[in-house]
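The first chain written gets the first letter, and so on, giving A, B, C and D; residue counts start at 1 in each chain.
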Amino acid sequence: MASEILRARYRLAELADPSRFREPLDIRGADPQRLLAQLRQMVLIRVAEEKIGDMVTAGAVRCPAHLGIGQEAVAVGISEHLRPTDRVFGAHRSHSHYFALGGDLDAILAEVLGKVTGCSRGMGGSMHLFDQPRGFYGSVPIVAGTVPLAVGAALAAKMDGNGDIAVAYFGDGAAEEGAVHESLNLASLFGWPVLFVVENNLFSSHLHVSLRQPAESVARFAQAHCIDAEVVDGNDVVAVSRAAKRLVDAARAGKGPGFLEAVTYRWRGHVGPREDIDVGVNRSVDLASWKKRDPVRRLADALVAAGAMRPDELDGVYGETRERVEAAWRRAEAAPYPADAELLRCVYAE
Amino acid sequence: MSRLAYGDGIRHAFEHLLERYANVFVIGQGLWSPWYVGNSMTDLDKRFGRERVIDTPVSELACTGAAVGASLCGYRPIVVHPRVDFMLYCMDAVVNQAAKWSHMLGGQAHPAVTIRGIVNRGGEQGAQHSQALHAWFAHVPGLRVVLPYSPRDARDLLVASVLCDDPVVYVDDRWLYGLEEDAAPIAERDLREIGPRVVRDGADVTLVGASYSTHLCLQAAEMLARSGVSAEVVDLRVIAPLDPSAVVASVRKTRRLVAVDGSWSTCGLAGEVIASVVERLEPGVLAAAPARVTLPAASAPTSKPLEDAYYPTVDDVAAAALGRVGARALAARGRQR
Amino acid sequence: MASEILRARYRLAELADPSRFREPLDIRGADPQRLLAQLRQMVLIRVAEEKIGDMVTAGAVRCPAHLGIGQEAVAVGISEHLRPTDRVFGAHRSHSHYFALGGDLDAILAEVLGKVTGCSRGMGGSMHLFDQPRGFYGSVPIVAGTVPLAVGAALAAKMDGNGDIAVAYFGDGAAEEGAVHESLNLASLFGWPVLFVVENNLFSSHLHVSLRQPAESVARFAQAHCIDAEVVDGNDVVAVSRAAKRLVDAARAGKGPGFLEAVTYRWRGHVGPREDIDVGVNRSVDLASWKKRDPVRRLADALVAAGAMRPDELDGVYGETRERVEAAWRRAEAAPYPADAELLRCVYAE
Amino acid sequence: MSRLAYGDGIRHAFEHLLERYANVFVIGQGLWSPWYVGNSMTDLDKRFGRERVIDTPVSELACTGAAVGASLCGYRPIVVHPRVDFMLYCMDAVVNQAAKWSHMLGGQAHPAVTIRGIVNRGGEQGAQHSQALHAWFAHVPGLRVVLPYSPRDARDLLVASVLCDDPVVYVDDRWLYGLEEDAAPIAERDLREIGPRVVRDGADVTLVGASYSTHLCLQAAEMLARSGVSAEVVDLRVIAPLDPSAVVASVRKTRRLVAVDGSWSTCGLAGEVIASVVERLEPGVLAAAPARVTLPAASAPTSKPLEDAYYPTVDDVAAAALGRVGARALAARGRQR
């Protein structure tokens, strides 16, 4: 088939068009209480990341911090269907993955500050998060590095036979690494229960997808590997959740891996808090537009329209959350750094 | 005590592990094949099932990463690479992920994975099918690197590697598969307590090797004995973390050191042995400059005559040892230069 | 899309069915003289490989020799459209690639014997072939190892601007290596003129494709990377040639990479001359059947039917070729081995 | 002579090469970005066009392999990896292909590719963003490995690397980018003729480094001078193929050796320096056991206090040197044990 036809077939079309999907979410059939909880979780992620970003600017946070502000709906929509015995792996931009599993606020803030009370005991910073009790097996920043690990965790889950699954979060950029393609093949061939989640924010570092791949939609690779895929608006927590449920249920039921492509956009630069640091195709124009597709506001608008939330309630949620984050931040600041002996302590198991 | 060959020893270890430990499985390219891994895994798939002995697509990176991932979930996978050369594709999984996982996440999770790479060379296979990159693995903190020489170690150290909570790179050499010794039944040992070991006592020179190089050293020691030179041989066994104390003690006694390694010299294992020894010895202990016997600084050739020239031989080791001892003889006769 | 539908979509169907395509080739419109030359080339490849195989059995050849007997039509059909300034890269099973470019018979036999008169001066053996003057840049046995190199040679060709192209030969097994997928992306994105040729012989070593991938046709990956692809009967030199011409012309004309999947079967084991050494799905039954789809005989039958060749002429071609190969073999045997100094001579450029 | 900073030196080399050699191009991840490679490539894409300064998908393996392939077609590509850590994905292209290509095909083709890896650490980046794997590359025959310390070398050795017919791994260190010196204009040199060099004369101890470690050595030498100890400093510059003669000559004079390296110890560069020296010295030359100053055997941490403890400092180097010299002092006072 001629390459132009293929390119056209794999366009994201309106899903990547920020002038679309600005209206309140369609929440018919969803439980308002659950949606309210999701809203709170998304606000927590946003406020915590804003705080981290501010603290980068202030010089208090020194580690590289990749913020997912604008992308909160993805992990929140997916994690609803996960349980603590599942095995979730993230990458460099994984605050939201951690939070969405119920990860402790104090522990992540302490980690970002390099404190021993951090979720990785101060050995990792923002790019290395851990919370295995809640199913977060780890995030590390080599692009695509954890995708094969998640596939192996799925193999383990299949051997366990309890219906647990693994989740591999990665980005549109990671899809350029061979590791991802090998992983798709293994999971598909052997029917290992892993959910591949691509947060397609159209950028890898400073480069728009059009400068890196011949087509936009990463789900084409799932197709080529015969993996059941869904492509959804990643700023719509309801749509993400619905697609995730179908794929997670299938994986738990022994039907093999699934692939979810959530189209979204990050509001900040590749690393750090600045909005304007990225170069690339139309970034600043698009950003203004994408902010109107805010996953938090769209959910709030829908809840208000449905009468499930007062018009001013979102402000209240933000306010409370800010207080909570500030308090946690102060505790994190007060916490001690790891002792020098930690350097050599955890090279090998004790 | 019964006779045990090296290749059989490896297979016995697999059998032992797969029999007793439900959380052990094996994954790698070529595992259902009759030829890839010599006799070291024959019929494991038939005996333990293809769900536990998994032959894979040609995807070294994802397969190794998958083993690492499974090891974080309570399993003890052994991932097998029929040639160390193929591991060039999976270095990220070994070095960026497995080796660092515990450390970078605060010691809260440990990839108890064993990564078996087979040195499979000679036979005119050439540059991309002959490498032995154990020095690379030894360079990286977080990995344990095991190079068994004796059939018993091939067996018991594989068992120990898999039972160890850390990521272990276990490298065996096809050239040893036929080697036999009398061996006691399998003993489950703690890998952390295993290190270099004197396998032959001697007084005049210390020969240090690992894996096939130890074999060369022992044969050279025989040859040297016939020339009246008494060589002590140290078999390193575990090259990372490396505990040089046995080598240091030996050299303190013999005052001469020849380090033998089946890989290249620069930043390799033989140089490490020398450095580890001399940095611990008071000046004046050595009676001769230490020497290395390694591959020449070239890739593996194919043509048989060049292969013969390429690989270190017993003669090379013996000659290096004689060179050290000769120096003493000269010294005894007084400085001549 | 559900995974079963995808699997079905990517079946090779009759192309992988050895009970099909046994009849004489359809050679209408093709030049009989050219076809006769192709027949001679295919016979040369076959006879030379048979000789190498015999000499493995006899112990004279010691290096690993991967024979492509049964797959001769692929390289012959493609090379017709190549020129010496193109850049062809092979892998472990590359005798046919070398021969099809007009590679010297003496030089390859000497190489297989490790002699200094070999095409790689005795430094490579069967798995490392070289003949740059004819466009054969090299073959080496790390699976998929040369695919990125070919892509870079295509980049160079594009920079040269002379309409030259690169060719990457690889197997269905190699498609499991991440290197191939990264390469497809680069070539497609940048429009580098490389022809990817998959000789899909359904096996990688001892494993049938069904044990390694969820679907049979490797061209699905070209599609996912928006690369124009053709899937043909690899035992039909006319079909291969026709598809190759279209893709090669497009690449020369600056239309970017092409992908040709030639479905075929090897008659011998993965390595060495034995037919029965492979395990795997239905191998021995299928082999008997595939031998009836012999690319040499089918072309000869067509030529005879078209009156372009006498019925007994094929035997004559085989006979002459055998003599030629025997004579070359004797010269190769008489040639010297490389001197020991060669070991260190070519580590670096002189 | 004008003032030249290390980062600028690298950029000048790129400019020089791209200006004069139509067959030079640059390819790598991050090249159009304002932040990936410090100031070492600023605006190259704008000046020489994005066809010759190619920013790529995140595909280290294929991009490196593509550079190798292009180099076989008359081009002289420089492939850039903004962190050495990312190169774990492309080891096959570097080690199985580039390093061996000439040898395994009979010396008939030479991949004249330069592979630039940047050591970019500190800043709490952690275990996967801080590595310096030059010892790995030095281990592999067929590669030339360049680690410039001085701004002028950063510039001229990059030019020499690209003009060299062999595959070169060129490793620079972000911590040096601000370092300045007076430098003559660019000189095109033959990389094969460049090796270790004495950068400071001294009498009591030889400090050996490369890249940032040379910087530490020179600073330590200053510090030692204030304590009345005269340290000679050798800057290795080209670590493979390694010509140890300058180091050997220096140690023959000073009789003491401290090898400093910014990577790990086991099978690393510092050990190689020690082994290369002691195997060439008659026993009795050394007045003290040689010492290494390297990273501790752990992955890079993130937390700043741990980073401070992790990386070798000038004090560490000076202390090691004093330890050697102290040994002599002890010796002068007669054996005490």
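By definition in this document, a contact is a pair of C-beta atoms (placed from the backbone, for glycine too) under 8 Å apart; a residue touches a chain by one contact, two chains touch by 3 or more.
Predicted, not measured: the structure shown is a model, and the values here were computed from it.
Peer 1: Which chain's centre, taken as the mean of its Cα atoms, is farthest from the centre of subunit B?
Peer 2: A
Peer 1: Look at the interfaces A-D and A-B and say which one is made up of more C-beta pairs in contact.
Peer 2: A-B
Peer 1: When the C-alpha atoms of subunit A and subunit B are each averaged to a single point, how far apart are the two points in Å?
Peer 2: Chain centroid spacing, subunit A to subunit B, equals 42 Å.
Peer 1: Between subunit B and subunit C, what's the gap in Å when you average each chain's C-alpha atoms?
Peer 2: Each chain reduced to its C-alpha mean, subunit B and subunit C end up 38 Å apart.
Peer 1: Provide the list of subunit C residues touching at least two other chains, using ranges where the numbers run on.
Peer 2: 122-124, 128, 140, 142, 145, 176-179, 182, 185, 189, 211-213, 347
Peer 1: Can you tell me which residues of subunit D touch two or more of the remaining chains?
Peer 2: 56-57, 59, 61-62, 85, 88-89, 92, 96, 100, 103-104, 126-128, 141-142, 241, 296-299, 301-302
Peer 1: Would you tell me which residues of subunit A are touching subunit D in their complex?
Peer 2: 62-64, 114-115, 122-125, 127-128, 140-145, 173-174, 176-179, 204-207, 211-213, 271, 277, 279, 337-338, 340, 342-344, 347
Peer 1: Hey, which residues of subunit B end up touching subunit A in the complex?
Peer 2: That would be residues 25, 51, 54, 56-57, 59, 61-75, 77, 92-93, 96-97, 100-110, 112, 141-142, 144, 165-166, 192, 241 of subunit B.
Peer 1: Considering only the defined contacts, which subunit A positions touch subunit C in the complex?
Peer 2: Touching subunit C from subunit A are residues 1-3, 6-7, 10, 176-182, 185, 188-189, 211-215, 220-221, 223-229, 255-256.
Peer 1: Can you name the residues of subunit D that touch subunit A in the complex?
Peer 2: Checking each residue of subunit D against subunit A gives 29-30, 32-36, 55-62, 85-86, 88-89, 123-129, 296-299, 301-306, 309-310.
Peer 1: Please name which positions on subunit A make contact with subunit B in the complex.
Peer 2: Within the complex, subunit A contacts subunit B at residues 87, 89, 118-124, 128, 130, 132, 137-138, 140, 142, 145-157, 159-160, 166, 178-179, 182-183, 185-186, 189-190, 345-350.
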